[in-house]
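Paired with subunit B in one complex and with subunit C in the other, subunit A is shared by the two complexes that follow.
What follows is the complex of A and B.
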């Protein structure tokens, strides 16, 4: 009888201990004794896959290397991907699934701006830490959301950098050619504010439509204004038409683009007029081109993990954001919590990654952690080269 | 009445829908709410395409007009949701009625092309009429409140959607069983024969377009509140393909099929998240499978295999169908001498 009671008591005690242990583990979603589950959302299909699938491939190779080295505090990293098809509704669904169904601990994601911006409320509600890998919409990080950090450049930062770069090149008569749709206005408005802050007035301010097929009028007006630098706030197609017509009409200013035209080699082909892009400079989020020997390690990792793929600049976006996440997880310590990760990310100061233009710095009042646009250019017949970095304050 | 007949299944689905918010997590609640919104869209579109036979492609545009109107009235003019929401439905209905005017002269592929052009124009306006629509970047809508009811926004919105689904389902069911429904079908089967029977083509085509516009407007308003965000991406050609798929998979000319089709497509799309990267291929294969092996849709399959799934175009009396004798034209009939 006594033995029976003892066994019963031991069994109850064991059950209570197991229940207590489960309760402790359940407090931290996505974390077990030997794994940390990280979610990612972005376009896995469709044209937006460049900003979704490719950065995710970059994240995965970083996680593989961390896991091969023993993980973080003994825990291996697992990546769970969800497709948002660049669609706002699908992005909200993807975030809710990752949080409620897949029980991930934190997120690295966000490829398309509108989709990520739409998901902000769901992210805020879930209080789940997110590192934005590619979306540039200012509204994702401004006003500050306590758990949303961005290692992507925002459109405001890029606009400021365009003006800073022109001034650094001793441009005296700066002009602007821009689109005035929402994408263009998100960059044009802060650009005009940056001019105002510097007490400079653009010598000409021209507009082009996204589907324009001629820029003769704009080029002639900029030429008449004697502009020595033109800040280009255009998609690649109208920008290519502008550059082609500028060359045709003998107008050769310093042409300064932004990350919407992130591939100077493809842009040169699109312009299709030899020598037209000689004076063209543009912004990249990362400081290396995929051909650079400095990223050999990541090229080999991508090619080994995803046979048939070649390292692209979009892989590097994912690699950089994953390195920041890994550092945050390390600093958050063994007793991992979401609050702990947020606190660790908040304290990142000048953290050096393998890809970004400068160190990553986040503060509680500013979660735009990458403010170092990298300038790249391609001279005819030569590879793309990195010119330098502008640090935006 | 058979155990697995239409009424019992619908009743069971309603009971499940009513308790869903208490049983599922945030993600499934979001999916359930999405299904309800697509049910409204499918019912409206099925009245237009399935019952009236109008091959129109403007439903995604009207869905967008409902969402944009509801959102913009709140953001631009500061209207409360409860005023902006019905206004969105009214404007979408008016647009639906306006589209019906050219539809009187056009049919088949010509109607398809003209309504597709309207949808493209609407998409262009969403993208480029920036002073009103905020352009490509879209805009956030204010979160709605259900106070003093003890519901969170998510649960409150879910029940609001469910309420509209129940009310508009019953309305549509009754409409297609009335002389209106029979007139729709007459127009679909042969416009010349319908006219010879005294059916006013303009009136009934306009009514069908108006109904689909109204349902799309209601769905659009609920969708804008669900996402708290409106942007052009949600109302493009893919949206139209999605809605057409729902009525084809559910069953053309079946109100119940609209529910089943919307539910099936949303669930399939979510389930296909498991086959990442090949969702479109898998989705396409499933649609082809439905067209090949279930040409009448799910509703057609159920009608063929189970008793109690018939959807007569007349009201039954005491649960029994009327005798299958020749129907004498009544004073309510569209048949005029």
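What follows is the complex of A and C.
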């Protein structure tokens, strides 16, 4: 009799414990016994889709592979996408919708810098963990927001790397051509600080509008300054115009871009002038080109999941950030909470992904977890090749 | 001298595009008294249509050009039908908002249709992409093609306006809409023709410009602002003034960028416009109507 009552008591206790656990779990948004809902925001339409839709496709194939292997602690990953159209107001709306209506547990997102930066306050208020996949604006991660981590490079890191690279190539007369809108300023200001730290003055400092259709004046001024390296702080459109006009006017310096021009093959097409990009190098956030056999696994996954698509570096941005999220979720354990995920991400040290230039390291005081810009270039008629990595301290 | 020649040529090339856009704005304003704020988006949309025909479907440049101009005309007529005509008796704010609203519709449609094809779409040049030397000056042949094309379009348009029946009716309506109605001109048709012609000129500018720059759905507004500035400089109702205004803005920008500072390029033209309008409020080539009493 006593034994029977003991068994009953144990069973009731077990049931109550399970019920209590489920109740606690039910309080964690976006987490059920068998699913974890992750949100993503970025441009799904418009020219910024490269930094939104394509990384999201990369995230999705990582999630598919994790789910095929049984998920994380028995929970399958679900991705919910929102289009911010690279528009700051739309990004704020997208974050609020993902948090309040879609009830996601965490976010991997942020394509266009200005849009993600605008959403920072909404993210801070929601205290939702975010891994930034492509936005480079310093203000997203500096000062440190407790729950925002970035596996993208930041504009300061890239600006420092541009100058380091020019010096490493023995450039003696370094010039700058830049845009001075919010995006451009976010890179131009740290670039000028980097010059000052090195006690170097650029031999010329020219400006271009984002929608410029001619760069004759800028090229002639840089040519007159006899620059042997030009640090390019421009979107692909004005940069293409600049490179075309430089070719036209016989000006062939070492041209050093940044991750705003992340696809040298597409850039060569945009410039449209044979040989104009021979001296062009740019920064990639990832250490492989889409053609590299090292990313065969991901190429097959993207092509199978999205028929008609070819693997691009932008897919790789998403793949890398998703790998970091998956690692964070694994380390956060079965009793998943947002605080647990943040604590796990805070402790990532030299975590190796399939794509980034070096291991991912986050600390409580620094959530810029990727500091290894990768240099890439494309010679006419040849595939894009990786030149090396600059590790910025 | 070499610097001046390079800057002048680049200014004239860019200015010719501004002139074409200004011409379209003035055609509409002269006939209807309205500014079509969707003009930049009509320019953008027609450029994408040409890209789709030429690059995606492999059609020749000239047929693509012709179809894009025809599509531009139709879109202009549609703009008149859904944004301008119903608002003809509304106040100025209503008219402005209607065309601005339509501009967003065109931009959104372009994002949906072409937004996922690449960040900036390139349009193959119709001439050799290699620079050539003419009288010691390095030139991209496409620049010469754009300049020549723009001048031809301006001449064709001038001939249309002066020599054809439709052009003469547009002129008559522009001079006096009430009197034109009294002599049997169907004003509504003329308004539609004006919107269509303005958009067709914008379409021609877009197809000419496409190989020199890159196409993206948000490109319309910046071109519209420059074209509008050129139209204001020329006097808003003067067709030769619009052309002169466009060339002036292009050349001023290039010379300011080359001789003063590249940071000064974007504002230089507007500073000049400000001075011109202070000294001559009707614009360079517009004259106030004389009233005999």
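Quick note on the criterion: the second predicted complex is superposed on the first by the 366 of 393 C-alpha atoms of A that agree within 3 Å, B and C clash if a C-alpha of one lies under 4 Å from a C-alpha of the other, contacts with A are read in each partner's own complex, and residues count from 1 in each chain.
Rule of thumb we're sticking to: contacts are C-beta pairs under 8 Å (C-beta built on N, C-alpha and C of every residue); 3 or more make two chains touch, one makes a residue touch a chain.
Values in this document were obtained by computation on a predicted structure and should not be read as measured data.
Q: Once both complexes are superposed via subunit A, do subunit B and subunit C end up clashing or fitting?
A: Partners clash after overlay.
Q: Please indicate which partner A:195 is in contact with in the superposed arrangement: first for subunit B, second for subunit C, both, or neither.
A: neither
Q: One more residue to check, A:213. First (subunit B), second (subunit C), both or neither?
A: In the superposition, A:213 touches subunit C alone.
Q: Just checking: does A:375 make contact with subunit B only, subunit C only, both, or neither of them? Give me first, second, both or neither.
A: Neither partner.
Q: Based on the superposed arrangement, let me know which partner A:45 touches: subunit B (first), subunit C (second), both, or neither?
A: It touches subunit B and subunit C both.
Q: Using the touch definition from the top, say if A:165 reaches subunit B (first), subunit C (second), both or neither.
A: A:165 contacts neither subunit B nor subunit C.
Q: Of the two partner chains, subunit B (first) and subunit C (second), which one does A:100 touch, if any: first, second, both, or neither?
A: After superposition on chain A, A:100 lies in contact with subunit B alone.
Q: For A:351, select first, second, both or neither according to whether it touches subunit B, subunit C, the two together, or no partner.
A: The answer is neither, since A:351 touches no partner chain.
Q: Please work out whether A:236 is in contact with subunit B alone, subunit C alone, both, or neither, and reply first, second, both or neither.
A: A:236: touches subunit C, not subunit B.
Q: Tell me which partner A:249 touches in the superposition: subunit B (first), subunit C (second), both or neither.
A: Second partner only.
Q: In the superposed arrangement, what residues of subunit A touch both subunit B and subunit C?
A: 45, 53, 180
Q: State the interface residues of subunit B toward subunit A in the complex, per the touch definition above.
A: Result: residues 25-28, 30-31, 34, 127-128, 130, 134-138, 140, 143, 223, 226-229, 231, 233-234, 270, 273, 276-280 of subunit B touch subunit A.
Q: Can you list the subunit C residues touching subunit A in their complex?
A: Subunit C residues touching subunit A: 3, 6-7, 9-10, 13-14, 17, 111-112, 115-116, 118-120, 122, 124-125, 129-131, 138-140, 209, 211-214, 216-219, 222-223, 254, 256-258, 261-263, 265-266.
Q: In their shared complex, at which residues does subunit A touch subunit C?
A: 45-50, 53, 85, 180, 206-209, 211, 213-214, 216-218, 220-221, 236-237, 240-241, 244, 247-250, 266, 269-270, 272-274
Q: Can you name the residues of subunit A that touch subunit B in the complex?
A: 44-45, 53, 81-83, 86-89, 92-94, 96-97, 99-101, 113-115, 117-118, 121, 126, 137, 139, 180-183, 185-186
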